[in-house]
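Multiple structures follow.
Look at the two complexes coming up: subunit A is in both, with subunit B in one and subunit C in the other.
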Partner chain A sequence: MTRRRAVLLVRIAVLAGLTATLEICCRTGLIDPLIVIPPSEMVASMIDRVGSGELDESIVNTFSTIALAFVLAIGCGTLAGALVHRSSRLRDVVDPLLASYYSVPTFIFYPLLVALLGLGKAPLVVLGVLSGAPAVMISTLSGLDSVSPVLLKLARVHRLSPARTLWWIVLPAALPRLFSGFKLALSYALIGVIAGEFILSGTGLGFAISFAYQSFDNRAMYGLMLFVLLIAVTANGILYVWEGRLARRRSTG
Partner chain B sequence: MSDFAFEDASSRRTSRGRIRTFDAAVLVLLMLAIWQAIGSWTHGVAVSPPLQTLLYLFDLVRTGMFWQHAAATLAAFLLAFVLSALIGLALGLIFGVRRFAGEVAEPILAGFYTIPKVTLYPVVLLIFGLGMSAKVAFGVMHGLVPMTLFTLGAVRTLPPVLIRTARVMRLSPARTMLWVLVPACLPEIVNGLRISFSLTFLGVLIGEMFSSQRGLGFLLVNGMAQHNVPLSTAVVTVIVVVSIAANSMMLRLRGRTAHRSN
Partner chain C sequence: MSDAAVSEPSHVALSGVVRQYEGPPAVHALGPIDLTIPRGEFFSVVGPSGCGKSTLLDVLCGLARPTSGSVKFEGSELHGEVPDGIGVVFQEDASMPWLSVRQNVAFGLRTSGLPEKEVAERVDHAVSFMGLAQFSDHYPAQLSGGMRQRVCIARTLVLRPRLILLDEPFGALDQQTRLLMGDELLRLWRETGATVLLITHALDEAAMLSDRVGVMSARPGRFIDMVETGWPRDRDSRVVSNPEFGTVTARLWSSLREESLKTMGRAA
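The block that comes next holds the complex of A and B.
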């Protein structure tokens, strides 16, 4: 426990030290303020931007898109994974496909999706699902594999209906693996949607950042950037802590 | 008796293999059919159908223009990949051996791995300016962290006796890494290289798609902007084929290294 605390303290010290160094370098002119602005300015700019309300629409847009992509990716991925798990022949075909799918930079489909579906929410959601669903599918397959046969026998002995078996036995047993897939799906949905908005879009936070960059408004750009990164880190952090808690509860019984 | 059993097993294996090949062929045909369906359903305004794309691609690879763009992407990618592989390997080994430093660094690296790095691309552009070095830096930003994390994980789960033996033999840190750690972690390192390869490629391509004048990423966005549908579809096809080929090559390589270490 003390070691864990020491690690945590050093980690915070390292991050604080890096931020302080950046601040000093910017203030003393070692780093050109036209390139990077001091972290304190970034925070001030972020508070300005978010407080002014001009971003409300973009924030709602971006996060509803991310949430939609995330939910759809989980739904499609889990369903597809469960279906493939039932047939070993299908699995033989799908496994190598999933292994190589991961290596394809899914993002390059975005321009095609824009041409197909028009500029707006639809191509962003599809992009988020395309990058997140396979990860969920992989984790569903490995989660279902990890359910030990004895548990299923137990369910049969107790004459549970298929729905109850799923809800009471399979789901809790597979949950840790499923969860890691959900975590990946969230970060892929986040990356996909914001990257899409950044490259080619007319709304959202990603677009706001690229717009600020193109109009040489560095202060706004860094504020927005900090905002997006803080939210991304927080969202991933919550799932990370939650996952750790789930794992600990399992290990203590 | 045993001869017979052997024959039986092998014939079963080939018949299963045959089913697999058949299924894979069906799958490829299915994907081509979907591609064709999307192409003809939209009358080729978004995606050009497979055959047409292939014909266009044959013409495209005969032009010097295509090879200039491909060479620009390849040069940026190779440089970024070599940099992220070497730096990531070194960092991973150091963080793996120095437990405390590793525990401090790992969540920071993992956090960086999951954030949308595109938002940082303007900073890269401001620091490095438009051009090759920005693309390389952005590729390294994507590829460095997975390489580090994979190597770190591999070194950490290594039997401690190996590191102790190296210490007993008074190997210098550099020799310990080269003679003990790297060979022992080879399968994991190859796996890290594989992930790092695809993410570096992604980073370079995104860099090219946003404010660049050269490279396959630029060609793709440009094709879209000029409503040259066959061009953008052909570029996407090339990228997909190249990344799948590279990935399967590295999967095979990992299989081979895993056998050797056992």
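The block that comes next holds the complex of A and C.
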């Protein structure tokens, strides 16, 4: 516990030190404020922007899109993973494709998605799902692989129905691996959606950042960037803490 | 107990049981086996590795159907399902890492439909019977291998099985722990009055614990010898110092030696 706390303190100190250095560099003119504004200004700008209410619609839009993409990625990924796991032949076909999937820059399909689905939420959701679902699928496969055969035998000894076997044995046994897929899916959905908004969209936070950038409004751009960063870190942090709580039971100590 | 023994001479009865795995190549894993185990007996099975001991256990509890022949438990034939009254303890660690010791033990009764109070009582009893009372809120990862195996035995115990099947349950444990676990198994057997079938590769374990030991041949597994030990019911691991113990172990080994050599030769 003390070790964990010490690590946490050092981590915070490193981040604080870097932020302070940036602040000093910007204030003393070592870094041109036209290029990077001081972190304190970023915070002030973020509070201005978000507090003004002009971004409310964008925020709701972006995060509902991310949430939808995340949930769909988990649903599709888990289902696809479970289906592939049932058939060893299908597995042989799919495994190498999955392994090389992330070498494909999914973004190049975005113009195609826009052409097919229009400029609304749909292409962004699809992009988010395309980025996140394969990670969930991979982790589902490895999670199902990790269920020990003796536990499945146990289920038969206790005459559990297939649904109960899934719910009481397979899911909890596979959960740690599933969880790492969920964490990746969240990050990928977030990246996919915001980057999509950045490239070709008329709404959302990604668009707002891109718009500020193109109109040389550095103050607004950094404020928004900080906001997106904070949300991403917080969302991941919540999953991280939750996962840690699950994992602590299963480890010694 | 004695009344039941009179009215029902065999608790478990196998007749002409054969188990083949479809190929290619087809494997004749087991049998033919004829075996009757009277109610309340402590019966052990020893045999060379790969002789079909675990297949025998699967067939005995209904996890696998025999290719031919019949398996009867308490007079009724098994049909590919584990019947009520049979508890199984596996060789591998079958504790569930996401459940505490108490929850693991209670898992056995999750589908029983018993009232909560009765479940709690049975779980308490099984947990303290297996010496786990202090650890009831621990998770398996915090326990040693022997303790985890106790959790699995306790989970079987709450079901109040009349037949307990154990597939090399102490195989992964060190010798001292095995001797002590053997004592606990004997105590459990005495106090529950259950019939016990223990599969083991350790001749001394079989000789020390059992009323009767069946020696199996190399694959396809058949019984080639039956050895009555003649120990009193209230025995414990100290029978190893009984001069008879050496005689029993020696006889088991002389029956088994040739069969073990066969499997070695086959493997080489």
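Please note the rule applied: the second predicted complex is superposed on the first by the 250 of 253 C-alpha atoms of A that agree within 3 Å, B and C clash if a C-alpha of one lies under 4 Å from a C-alpha of the other, contacts with A are read in each partner's own complex, and residues count from 1 in each chain.
In this text, a residue touches a chain if its C-beta (ideal position, glycine included) is under 8 Å from a C-beta of that chain, and two chains touch if they have at least 3 such contacts.
None of the values given here were measured: they were computed from a predicted structure.
On the shared subunit subunit A, the superposed partners subunit B and subunit C are arranged side by side without overlap.
Once chain A of one complex is fitted onto chain A of the other, the partner contacts of A:164 are limited to subunit C, with no touch recorded for subunit B. Centred on subunit A, the angle reaching out to subunit B and subunit C in the chain A superposition, using CA centres, is 90 degrees in steps of 10. Legend: residue contacts after superposition of the two complexes on their common chain; A:69 is shown touching neither subunit B nor subunit C. Of the two partner chains placed by the overlay, only subunit B lies in contact with A:225; subunit C stays clear of it.
Between subunit B and subunit C, B contacts the larger number of subunit A residues. Looking at the shared chain after the overlay, A:249 reaches subunit C, while subunit B stays out of its contact range. Judged by the touch definition given at the top, the superposed model places A:141 against neither subunit B nor subunit C. In the superposition on chain A, no contact is made by A:174 with either subunit B or subunit C. Of the two partner chains, subunit C is the only one touched by A:153; subunit B is not. Taken over all C-alpha pairs, subunit B and subunit C come no nearer than 10 Å in the superposed arrangement. On subunit A, the surface touched by subunit B in one complex and the surface touched by subunit C in the other have no residue in common.
Residues of subunit C touching subunit A in their complex: 61, 63, 81-82, 86-88, 90, 92-94, 96-98, 107-108, 110-111, 139, 141-142. Touching subunit A in their complex are the following residues of subunit B: 19-20, 23-24, 26-27, 38, 42, 45-47, 100, 103-104, 107-108, 111, 114-123, 125-127, 194, 197-198, 201-202, 205-206, 209-210, 217, 220-221, 223-224, 229, 232-233, 235-236, 239-240, 243-244, 246-248, 251. Every residue of subunit A that touches subunit C in the complex is listed here, in rising order: 148-151, 153-154, 156-160, 164, 168-169, 172-173, 175, 246, 249-253.
Partner subunit B is touched in their complex by these residues of subunit A: 6-7, 10-11, 14-15, 34-36, 89, 92-93, 96-97, 99-100, 102-105, 107-109, 111-112, 114-116, 187, 190-191, 194-195, 198-200, 206, 209-210, 213, 218, 221, 224-225, 228-229, 232-233, 236-237.
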